[in-house]
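A, B and C label the chains in the order they appear, each numbered from 1.
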């Protein structure tokens, strides 16, 4: 069963479209990346899934239940962390988290323990007032309120802003652990390296439409790798003739650079016969792939 | 239940301040009653010199008027005004603060239906109003019993002081309705104040200028003291108007609130 | 200047609503005049023999409602109430909204000092007050002429509007001072409003009990009582002086408090 499934999901804000005919399915147990630049429709999709806004057309289900009709029921098993966290200023962190926990049917003692564990792990002082917390610490409160009920689906909307690299690492580790325990994760971001680090599959969204859904590894596999070789002497161009999938070949006195897409074995055989002083093979990052999709217009 | 308790806690300081200020105002006002009694005596002397026809015409209204009820009812004009501000403020604020404080996302992604959210908030708001009224009425009743030199009917007094409650729930419903209809309210008081005072001015000025229609428009004029004193109850006509208004306002609020989009908090 | 124009723009819609409300108040009030001026006078004449407190509670105003000047005097209480609510909300709002709407960080990192920001905001606020005042003045004169064909009141209306302007200024600056002193931006409007509500209710308490008359200095509404203005035809020097003192103290407090304030987002 798909955890999230949308069919021709459409949302218009007045006359301007937010998302158009969006078809998306997220399978049980995967970490699904959702990438696209600002204004592409990521948040609109997520807010529709959460029942915060109502679709203009199409439908969406989570756990097989319609998001408009069963929003409260669905939310029992969903954890959500938005990009900007805003909480009740007058509460202490612990008050907010307990209040947050009080909405769920789970055992409150288990939740309380979970709050403490997570706070210790993320290094957050629970006694402080929300108002006095820094941006990053508020974010930690956000992470905890999203995970304290051990949701089956975790929805993250550009969640990493404000976290320092160490915290980001802990946060990702936490997500991976939840994922191992069976949680499905929808992770929206415009920072591609994060998505690359964390996700199994990714959907690329542009102008309210999904333009590609692919496994992260095949997305990377199916693209060119850049080879940068340094040689002792100048190499003749003819050495590379007959190799299919090579492009952008530039040879200078003691350097060679080209893009290659095909069987690695074929290219390494040729390289092995050269007198190398240094060699570098670069994976294309999502950035390049991303630009590829966005550069078309 | 958690939202209900949370709201009671969030408003506890405010409700304490309101209940105490209104009670204090009532006590101060009732302390002026002995001086007022002197003025009523002087007035009665004036009346004695009037021709019989006029005396009879005046008598009906004045006999109530010179009692502690009449005096207290005058205070209620202003306490009712202040109370209306409190109620409308709570009504507007209790729902719109989730939007202005950008916490709507937090609350509405929890496993709780919007209908349950609005119900909890309504009940909490109603509870706050109830607390204010209980404190106000009890303090006023005790103060009146201490201050009044003549015997008076506690029931009528209680009915009179409960007009504040009726005014308040009208404005509470109006406030809730306003807050679900206007998309973004940054400051509750800048909405509630003009609205409440408009009703107040329409009512008061209308009566001074002899316009009877306003009696059906302004809740400040729904519950006439003379009627309460002579019938020992409220005028059912106005109770009906109020009940219909409240039911309609709350119904619309539920419908709008459960359907509307929650804007992103950026 | 940019802040000044920005504030004028922000408040133009609200200004329009308030102006329309004011026009509606004056128009609907004066419209009753024609119907009212012929009736019900005999009873009022009789009741006017009662002590002041009885008259007040009975809803008597003490004005001769058969004359346009008396009528506008009754209206003035409510006009003043509306105008001061506008002023106090405006004053508290214009200062506190940057913190309330979390735009303080945006505004106060610009190369401009806080005093300049406050000055621009105050200037924009005063323009709003002046507009309300002029709208009230014009609609009063117009509707008095329209419904009563009585031109003799124009000087009286001018006097009333001068008094109104002092009231507006006082409550506007009470609003700004509260907003500047108060650290919780969201409660500023409520606190400033309670000052207004207190003054308003005090006015009526004074009216029903002669022993309280010395408290009149505590409520600005008593400074420009239509009853006095109608009797003397001019503003009272003492009250004008007190008003000016109140205004200057409030302005001073606004600038001082705001200059030393921690801006919270």
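Going forward, a contact is a pair of C-beta atoms (placed from the backbone, for glycine too) under 8 Å apart; a residue touches a chain by one contact, two chains touch by 3 or more.
Here the structure is a predicted model, which means the values were calculated and not measured.
Asker: According to the touch definition, list the chains common to the neighbour sets of chain A and chain C.
Answerer: B
Asker: By number of C-beta pairs in contact, which two chains lead?
Answerer: B-C
Asker: Compute the centre of every chain as the mean of its C-alpha atoms, then state which one is farthest from the centre of chain B.
Answerer: A
Asker: When you average C-alpha coordinates per chain, which one falls nearest the overall C-alpha average? Tell me, please.
Answerer: If one averages C-alpha positions chain by chain, the most central is B.
Asker: Between chain A and chain C, what's the gap in Å when you average each chain's C-alpha atoms?
Answerer: Their C-alpha centroids are separated by 56 Å.
Asker: Centroid of chain B to centroid of chain C, CA atoms only: how many Å?
Answerer: Centre-to-centre distance between chain B and chain C: 24 Å.
Asker: Using mean C-alpha positions as chain centres, tell me how far chain A is from chain B in Å, no decimals.
Answerer: Comparing mean C-alpha positions, chain B is 53 Å from chain A.
Asker: Once bound in the complex, which stretches of chain B touch chain A?
Answerer: For chain B paired with chain A, touching residues are 2, 6, 10, 101-106, 108-113, 116, 259-262, 264-266.
Asker: Which residues of chain C touch chain B in their complex?
Answerer: Result: residues 18, 21, 25, 29, 32, 35-36, 39-40, 46, 49-51, 53-54, 57-59, 61, 74-75, 78, 81-82, 85-86, 89, 93, 97, 100-101, 186, 189-190, 193, 197, 200-201, 204-205, 208-212 of chain C touch chain B.
Asker: Across the complex, what residues on chain A touch chain B?
Answerer: 43, 47, 50-54, 71-78, 80, 82-84, 86-90, 99-100, 102-105, 145
Asker: Can you tell me which positions in chain B touch chain C when the two form their complex?
Answerer: Touch residues, chain B against chain C: 25, 28-29, 32, 35-36, 39-40, 42-43, 46, 50, 54, 65, 70-71, 74, 78, 81-82, 85, 89, 186-187, 189-190, 193-194, 197-198, 201, 204-205, 207-211.
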